[in-house]
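Reading through the structure tokens given below for one structure.
We call the chains A, B and C, going by the order they appear; numbering starts again at 1 in every chain.
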């Protein structure tokens, strides 16, 4: 298969970026999107065309959350429920022009080419995305039975990989699905209750501070989440927030 | 150092750890604040160690190469984590888990370490549940278990097919809590390039900032290495693209012994290779072998017809299928340990019964779907099936999966004693980076157990024991000449790579190295092959330093340079793996020497001559390293021929 | 940077509360409008308008409602600006993600509704406050009473020559009102212009009300006007569909189990309300009411 690639190139955080167009030919439909970029990079080096395109990637099996490209108007490209690394070229048609952009959000500044800084997510988690159980001194694992449906729902919320596709897809660059998923996971579990009220207000506060937009319930986040995390997690977070704001003062 | 001191406490096996904990030295809270601990890596071992040591009050600095601690490759572990909880009442116990792990490791692991691992396994599950890890549960609300290879009990706890992810996120959340509390400082996108040793003790590290290329110095009263394994030496593996053995190699070059490098685990259930552009292999969890049945056609002509596309799996009648694992190992069937399953697959494919490209066997769920219904199967393995379908475009509910072995895990690693301390005082190694607990083969769902055991429950004690003597030493300024020297070494190495200005890309070298390793130091090794491989690796290394091409300078994000820096180390490490494999004239676990097998093709150990840990000492560039032996004394376990029949 | 220092969810909750209030108001307005459809020469409708125009509770409600609309608009604009600021550099390829219908265009459908609201106010609402002139309705007995009081004053000799003339003119004007200027039941003079009102009731007369019935009929005979209204109702439908679902989501009531029900509810609401509003101009236009 042959493709025309329009790729965002930006030398560093401060440089002005622009799109460059490259042609690539003879790609197998079974090739993954990132492998296609590997092939492109080999070409760019060997044919002295340009410096290789820099993009974040690591596990290449859809779980680390490192990769994330905005491909033809969709985070992680045209396939549903996958990360960029699991997107395969068979999802494109021969001769297609593919435009590749980095995640765009104020809270995710570009570092180079297609790489962005997502440390904002870590900062949100640090505000309360945990249960303060320091090592040791915890009860037996079976001490608290947790209804299976609740545990399953918590698992679904917890499957977030922190890739940032929700922010990239959202027209407001809002991080509500990411935060909602984490708040939900702990809100669903009995272990999460003692800190629930503090957790939700602090995480939201941090999210706002970091420059993410407001949620307008467009649900692009849900549509693009590679782990299919549901918008009901956002509703649950809203509920938790109301509950916290009306009955709790954070000191 | 001629003999290795593993510092195993005296006394009965079951009391060693308790005794150690009771007699270890402590540091009072006011002093803890004054002690700096550097932790490299934020996988299960690194993150849990950082969180635990931070919670104790030490001044922790933790480093990772990715943009977030949560990206570490522990996240990709799918199947589960073992613990001797015996919740199903099926006869499990600490002793049984200990025994299974030693046996699974083909009697090449240290008894005391493994027993401690089994002992703390239960605490790990308690800890994780307290952190909010959403393990699978029964309708009763209690935790669910499943079985894994090499065990006849159900002792594996799991969270869908994403157990590693959930455990890592648990450790990451504990780490985040400590970062917020200020006890841990997090440094992301920084790669360790060198270890600083002052007066014989590990005192700091040199890092390269991946974003800017800046070389930085960091002091620590001790350094914990939790940087994972070196499977990427084989290029195609289930490891992440950035996983590497570089940091461990730097420590080796600074005097830490490297133990059993030839013990590399080849995982039997991976999606087969389909093209030379391929960058990595994807694992299909071992848990699939709970319900999936592995087979190839009984007749060669059927296999050939499948390879030519004239027949499909569904055309092969039941009686024409060879469920070779069930045939050869009736007691364990499809749940034999990984090394055995892998070799059996290779044997069938080499004999001409392979399907797909010829290097693949079937993993069939038809029987399970008939027995349990599609829904139940989807509930258990749905996300794995979906992943398989996304990658291969085949629907595993309808046609059997195709799988083939691939490099997965490295049992070998930096040599450590009972305290997880290396031969350099003050340098600790944890998780996959050390060699200690899995012997020659790791059982499924044990890696997660070991990583978290080291981080949550071992290092907090042993590191403290070490640091108790450090309270008299104030921090050493990073202007110390040893830091200068270590930094200069890194800068020189970078300069050297950039100045080659050759014409071959880093990836092309990496692929070539991978081919050599897979062909000669892979699943079936021979003396001849290994003797051929060593000069090939040496030549490739020489070629690398003559012809590698890295264009951009070290002043920006430069992935080519990152890869080249790691590859330079891997090219040396590869040779050590081959040397160790050559030295070990026996077959055990993941190390299979074709000269040493039984008539039935099973691995043949030589306990007489090789019941030792081979720990290699660096002797200088292009010098032959020196091997030290740590004899393995099995006091509590009767050493037997491993039998899964 | 945020324009308002309030948690993002709090802002959403305000937006939702204001919206929800407006959602409750709409069926009332619609119900009122539907009275026009009754073929009684505007009898019912006039009575409803009279009630709405004079009841004090309604008047308070009206002020609150206006405030709600205003805050809903202001907050909507602020949120839109804040949200734009969250992505300073946009994408070259417009987003193609699947989204909730209409959700991406709330600010635009809202904008259309704002323009519509201005037109609607100029045409109708402002007639009530006297900002613009419209058509008026007065009770015949009130006109007669006012006339009689003036006539009484004249008899008592309190009026001058000029006033006399005016009184005569007023009498003539009242007499000349007939046909479409008189309600079917004869109790009202209707469809009066400001001039006619002054001529018949005198300059100081205050006891009149706007004749919304006839104003509407007149406006809705204009094709262009009807088209503008219908377009606004389509925008309203889109705005409502997302708005209704959003209120549930924002207040955390969008629970998996009820998600479908909520969506159906939103669809029904978003169709019924605009349709109810649209029937009136369509009926007027198409049946020459």
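Quick notes on this one:
Basically, contacts are C-beta pairs under 8 Å (C-beta built on N, C-alpha and C of every residue); 3 or more make two chains touch, one makes a residue touch a chain.
A quick note: this is a predicted structure, and the numbers were derived from the prediction, not measured.
With centres computed as the average of Cα coordinates, no chain lies farther from chain B than C. Of all chains shown, the one whose average CA position lies nearest the global CA mean is A.
Rounded to whole angstrom units, the spacing between the C-alpha centres of chain A and chain B is 27.
Work out the mean CA point of chain A and of chain C, and you get 45 Å between them.
Chain geometry summary: the mean Cα position of chain B and that of chain C are 71 Å apart. Across the interface of their complex, chain B is touched by residues 11-12, 28, 30-32, 34-35, 38-39, 42, 45-46, 51-52, 54, 56-66, 79, 81-82, 86, 88, 90, 111-112, 115, 117-119, 121-122, 125-127, 129-136, 138-142, 144-148, 151-152, 154-155, 158-159, 161-162, 185-186, 189, 191-192 of chain A. In the complex of the two chains, the chain B residues touching chain A come out as 48, 51-52, 55, 66-73, 75-76, 85, 87, 123, 125-143, 159-160, 162, 164-166, 169, 172-174, 176-177, 179-180, 186, 188, 211, 238, 240-242, 274-275, 277-280, 282-283, 386-387, 390-393, 456-457, 460, 505, 507-508, 549, 551-552, 556-557, 559-560.
The touching residues of chain A, when paired with chain C in their complex, are 6, 8, 19, 70, 72-75, 99, 101, 104-107, 169, 171-174, 201, 204-205, 207-208, 211-220, 223-224, 230-232, 234-242, 245. Contact residues of chain C toward chain A in the complex are 1-2, 7-13, 79, 82-83, 85-100, 103-104, 106, 242, 245-246, 248-256, 259.
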